[in-house]
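Here chain A shows up in two complexes: once beside chain B, once beside chain C.
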Partner chain A sequence: MINLEIDGKRVEVENGRTVIEAAHQLGIYIPHFCYHKKLSIAANCRMCLVQVEKAPKPLPACATPVAEGMKVFTASEQAIKAQKGVMEFLLINHPLDCPICDQGGECELQDLAVGYGGSASRYQEEKRIVLPKDIGPLVAAEEMSRCINCTRCVRFGVEIGGMMELGQAFRGEHAEIMSFVSDTVDSELSGNMIDLCPVGALTSKPFRYTARTWELSRRKSISPHDSLGSNLVVQVKDNRVMRVLPLENEEINECWLSDKDRFSYEGLNSNQRLTKPMIKQGGKWQEVEWQVALEYAANGLRQISQGAGAEHIGALATPHSTVEELYLLQKLVRGLGSSNVDFRLRQSDFSADGKQTGAPWLGMPVAEINTCDRFLIVGSFLRKDHPLLASRVRQAVKKGAQANVLHAADDDLLMPVANKMIVSPAEMTAQLAQVLKALATIKQATLDASVQQVVQSVTPSAAAQAMANSLASGERVAILLGNFAQQHPQAAQLHLLAQHIAALCGGKFGFLGEAANSVGGYLAQAVPGAQGLNAAAMLAAPRKAYLLLNVEAELDTADALQAMNAMRKADMVVVLSAYKHHAAEYADVLLPITPFTETSGTFINTEGRVQSFKGVVKPLGEARPAWKVLRVLGNLLNVAGFEHDSSEAVRGEALQGVDVAGKLNNALRGLNAQAAASTPAGLQRVADVPIYFSDAIVRRSAPLQATRDAVQPSAYMHSTALGKLGMKSGEIIMVGQGQGSARLKIVADDTLPQGVVRVAAGHAATAALGAMFGIVTVERA
Partner chain B sequence: MEKITNFFKSFLLLELLKGMALTGRHFFARKITVQFPEEKTPQGFRFRGLHALRRYENGQERCIGCKLCEAVCPALAIHIETEERDDGTRRTTRYDIDLVKCIFCGLCEESCPVDAIVETRVFEYHGEKRGDLYYTKPMLLAMGDKHEEQIAKDRAADAKYR
Partner chain C sequence: MLSEQIQALINRELKKYPADQRQSAVMSALRFVQDEKGWIATDDMADIAAYLGMPQMTVYEVATFYHMYNLKPMGRHTLTVCTNLSCQLVGANETMSYIKSKLGIGVGEVTADGKFGLREGECQNVCDEAPLLMVNNKRLCGHLTVEKIDQLLAELDK
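Up next, the complex of A and B:
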């Protein structure tokens, strides 16, 4: 520890800290632009110059390490003169366009110019002009003359985003921030550059010129997209969401936000919003009053439960629904006498059901990811499915952790990967068993009987051996199963093997949850239990009636074709949705519900953190919060226990006395590993859910849909396999799966293993195909 | 003694004569009554009357939608909505002043960085319904177009004091 004195106040800080950090510890503010607590030190803005005793010249506080007995003066005559001088230099080339600048009102340069600058400029010469640049649909770089070259955006790209997409070119007065040869900024975290930019050089394109910062009211909310549960500040004007900013929470999203969370709000007021209840009569849709629609739905459900039997009713919800919605949905269905309720729509293997000891979760707090030194990431499109968790893994790797990856696709994680095994989906369990065997040999441990059989049948490859060595040498190991592993047809096997690997290396084992409420769904009991049918079974054996909560059957399910067949066969489909969508074809009633901004609710994120939020704007049109709709449906169907008058009451009932932390458990009991079936003949499908097609809101966000991540999906194959078929990259081909087929462009991708075709799910272009896993054919169109 | 003085004062109608003298002085003095509306009072170049939105000489509207006037307005009489115009500039899609709320303090004019919103010398206007005094952007621009000459002259006269 080092003792020093700042402005006469004594402070004790760790060795290696800088003066600016010591000052912040004392609560003394030192003006700065380029310094940011999460980024490396650049010391190029010079705004933080302070006077240090015995130093002949002022020193930058952000880059000066503390020293014993140091005396720092932040407001001495020399310091003030230096700050004033720096400010005058910064303003020389800064345009005087604050009145039209979107940053105006929240601009660090504006604030510091008032606080530390002179009252007038002495500069009479011409100002420099930097030409505007188009760097994509999210970040506007239209007024680069405003840039003060602090390089925060550049450092963010390199250090947090993992990819240098913006850089500083040229020198001196000609220095400017630009992307590589008119390339766009495509990082899934690019929106953070807008927050980081201390001036108005990088601003939000969708928000451009729509409001001034002082007009917006700030309301807290929780992200409904990925399983991290990022804390949001939703900014509202005239009952409309104008933009979304991060709410700093060091334990979850730090000060960052993924683009998905930040720009999805543009989908909230999409013209596809459903604003009036509708019923289909004689094949035609009619707008009706709530009372009529609800009674119609209730009657339909009542008739089926009394006629065919309640087991012919199935309820499906997305994991993006709140705890309250999921709880009332399952209560309603169970009240009718059916246990067919599920929220795990993209899961295809349910053999772990009944053998789980709790709700699958991350297995550790989110913040602990940064401290791990070995990772085994199984089946995850990590960057696209969990942008901020990927960033945390990246930070850990930067500090020396080793990342090991077992997956069916080799997407660039933008971090060094120590060992990777990229194999076809069918081979994944065998590969994981090899790692387990190699690890057991290293640790000289005898394996549990449940996995003995599988492990004996495999011989570890060199890659599995290397991976086992890496895991065995770690002190804080994390085994993480991604969305792909959870959707895998042998998900339970992967789960079991991963559990044993984690046990052998004494590490943490967890699931990177698929969506905002992947844990909450279990705690709200929106799972079928022993009596009911799970999501896959409900669609495989079509029910007579379906209750869909937020679900777009062809996009949100594991097998689009099967789901659509089931919907078409049903007598009664009640759709609770915020949007008009394909349900118009198969549904009988459309009940308009509200997205997360217009309702109160609770999400339980992947680390088991219960986060409730309030509605930030009024519901659009006649849409109503889904918990209210379900509550009234419960009343109309005479189901007992539907007297809640607030979402808090529903939450209270759902989570009352539930020890959330105690309910989280990844362990499987009583499941035996089975030797993997031989690799099936034919091309296996590898299906990712593209980042901007993962839920109803992002699908309708125009700026996100304009990004490179949202282009029309193609089919990808290894070029050798493509050559064998006699096709060329870029050709339009026909991908067939079962009875379905889709015309797609085929693109060679040599990072894919042989024998697989990568075709995204969750997109209209591929919705005619079947299951996310399985055998597909590729033919000339 | 006082009683006697008062007796003589009231007896000689002294108070009355004093009053008559005042009336008499004004009877012959120069008249200052202005016969409105046939005659007008003189106005200063800083007169704060009805608002107007100005244009540049090339016809381009001045307002850039910075909303400083909206923010400064103590009566919350201004309502502005903006968007990015096709040429990439920041422009208003809506600029309303509710004259029923307006207190004619002139702060909007003072806050405007481009001299777009100004108060003209026009004070003779009326509305027959409440809504008539809700001035929208086209009405304000029309005011500006009509009185631009006078507005420009007044700004020029005031320039040296700003």
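Up next, the complex of A and C:
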């Protein structure tokens, strides 16, 4: 520890800290631009100059390490003179366009210029001009003359985002921030550069010129998208969400947001919003009063439960629904006498049900990811499914952790990967068994009977051996199962093997939850239990009636074709949705509900953190929070216990007295590993859910839909396999699966294993296909 | 694609650095391309980035930072006149104007016959030779006078 004095106040800090950090600890503000606590030190703006006793000239506080007995003066005459001098230089080339600058009112340069700038400029010469750049639909780089070349945006890309898309080209007064030959900035974290830019050089394209910062009211909320549960500040004007910014929470999203969390709000007021209850009569949709629609829905459900029987009713919800919504949904269905309720819509293997000892979760706090020194990531499109968790893994790898990857695709994780096994989906369990076997040999451990047989049947490959070595040499190991592993037809087997691998290396193991409420769904009891049918079973054996909460049947389920068949066959489909969508074809009643900004609710994130939020704007049109709609349905159907007068009351009933932490447990009990079936003949489908098609809101956010990540999916195959079919990359082909087919472009991708075709799910272009896993054919169109 | 010769040269250069520091060879790689083609196109930079396993933008940063690299064709003989302080103090501006008028081109331009290109340069660390220029970044011509410049141009014009 080092003792020093800043402005006469004593402070003790760790060795190696800088003066600016020490000052921060004392609550002393030192003006700065290029310094950012999460980025490396560039020390290029010089705004942070301070006086240090015995130093001949002012020193930059952000780059000066503390020293024992150091005396720092941040506001002495010498310091202020230096700071004012720097400000004068910074303003020389900065345009005086604050009145028309989108950053006005929240600009670090503007703020500091008030304190340190002169009231008039001594500079009479021409200012430099930097031409605007088009770097994509999210970040505007229209006024690059405002750039003060702090390089925060560049360092963010390299250090946090993991790829260098912006850089500083040329030198001296010609230096400019730009991308390589006018490339777009495609990082899934790009929006953070807007926050980081201390001036109005990088601004938000969707938000630009729509409001001034001081006109906005700020409300806290929680992201409804991925399972991280990023904390948000939603900014509102005239009952409309104008922009979303991060609310700093070191334990969750730090000071970042993924672009999905940041720009999805543009989908909230999409013209597809369902704003009036509707019923279908004689094949025609009619807008009706709430009372009419609710009674119509209740009657339909009552008739089916009294006639065919309640077990003919099934309820499906997306894991983006709140705890309150999911709780009331299951309560309603159970009240009617059915246990057919599920939120795990993209899961295809339910053999772990009944063998689980708790709700599957991350297995550790989110922040612990940064401290792990070994990772085994199984079946995850990590960067796109969990942008900020991926960034945490990246930070750990930067500090020396080793990442090992078992997956069916080899997307660039933008970090060094120590070992990888890229195999077809059907081979994944055997590969994982190999790692387990190799690890058991290293550790000289006898394996549990439940996995012994399977492990005996495999011989570890060199890659499996290398992975086992890597894991065995770690002290803080994390085995993480991604969305793909959870959606896999042998999900439970992967789960079991991962559990044993983790046990052998004394590590943590857990799930990178698929969505905002993947843990919450379990705690809200929106799972069938022993009596009911799970999501897959409900669709495989069509029900007479379905209640859909936030679900777009062909986009949110494991098997689009099967889901649509089930919907078409049903006598009654009640849809609770914020949007008009394909349900118009198969539904009987459309009940307009509100997205997360228009209701209060709770999400439980992947680490088991319960986060409640309030509505930030009034419901659009006649839309109503889903918990209210479900409550009224409960009343109309005379189900007991539907008297809640607030979402807090629902949450209370669902979670009161529940020891959430105690309910989280990944361990499986009583499940035996099975030898993997032989690899099926034919081409296996590998399906990702593209980042901006994962839920109803992002699908409707125009700026996100304009990004490269949202281009219409193609089919991808290894070029050798493609050659065997006599096809060329770029051709339009027919992908067939069961009864369904889709016309897609086929593109060669040599990072894929042989024998697979990568075809995304969750997109209209592939919604006519069947299961996310399975055999597909590729034929000439 | 980088030519085989360039790849061989880069490989030789790479031996000087640790295996995980391939990007250390970026400046040499850029130089090899320029020696071969006279200038460095963005496609070449992308090739170098791929070859050395580094971001394209980093190659671009390096190529644009140093004045020795030509980002467009700069004629058979690129004359780089140092215009930094020491040179300026002893007449770099006059040298520059003389060359400009003699060749009939401005800074950053190439003569119509493609023989000469003119560039402004940064301090070459040999201020004792000021005012000076470099021919194709290889040959130093110092203590420039009008006569010396005439002589040089005549010689190169052959």
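The rule is short, and it goes like this: the second predicted complex is superposed on the first by the 781 of 781 C-alpha atoms of A that agree within 3 Å, B and C clash if a C-alpha of one lies under 4 Å from a C-alpha of the other, contacts with A are read in each partner's own complex, and residues count from 1 in each chain.
Please note the rule applied: a residue touches a chain if its C-beta (ideal position, glycine included) is under 8 Å from a C-beta of that chain, and two chains touch if they have at least 3 such contacts.
Nothing here was measured: the structure is a model prediction, and the numbers come from that model.
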Query raised in the report: Given the superposition on chain A, are chain B and chain C in a clash or a fit?
Result: fit
Query raised in the report: Which of the two partners, first being chain B and second being chain C, lies in contact with A:Glu142: first, second, both, or neither?
Result: first
Requested in this report: Please indicate which partner A:Thr210 is in contact with in the superposed arrangement: first for chain B, second for chain C, both, or neither.
Outcome: first
Query raised in the report: Looking at the overlay, what does A:Ile100 touch: chain B (first), chain C (second), both, or neither?
Result: first
Report task. Check the residue A:Arg171 against both partner chains and state whether it touches chain B (first), chain C (second), both, or neither. Result -> second
Query raised in the report: So, does A:Ala445 touch the first partner chain B, the second partner chain C, both, or neither?
Result: neither
**Report entry** Touching partner for A:Val181 - first (chain B), second (chain C), both, neither
**Finding:** second
Query raised in the report: Considering only C-alpha centres, what angle arises at chain A between the directions to chain B and chain C, nearest 10 degrees?
Result: 80
Report task. Please work out how little space separates the C-alpha atoms of chain B and chain C at their nearest point after superposition, in whole Å. Result -> 28
Query raised in the report: chain A residues touched by both chain B and chain C?
Result: none
**Report entry** Footprint of chain C on chain A - complex, ascending
**Finding:** 158, 163-171, 179-181
**Report entry** chain A residues touching chain B - in the complex, by the definition given at the top
**Finding:** 98-100, 104, 142, 208-212, 214-215
Report summary line: The residues of chain C that touch chain A in their complex are 42, 45-46, 55-58, 60-61, 64-65
Query raised in the report: Once bound in the complex, which stretches of chain B touch chain A?
Result: 64-68, 70-71, 82-84, 88-90, 113-114
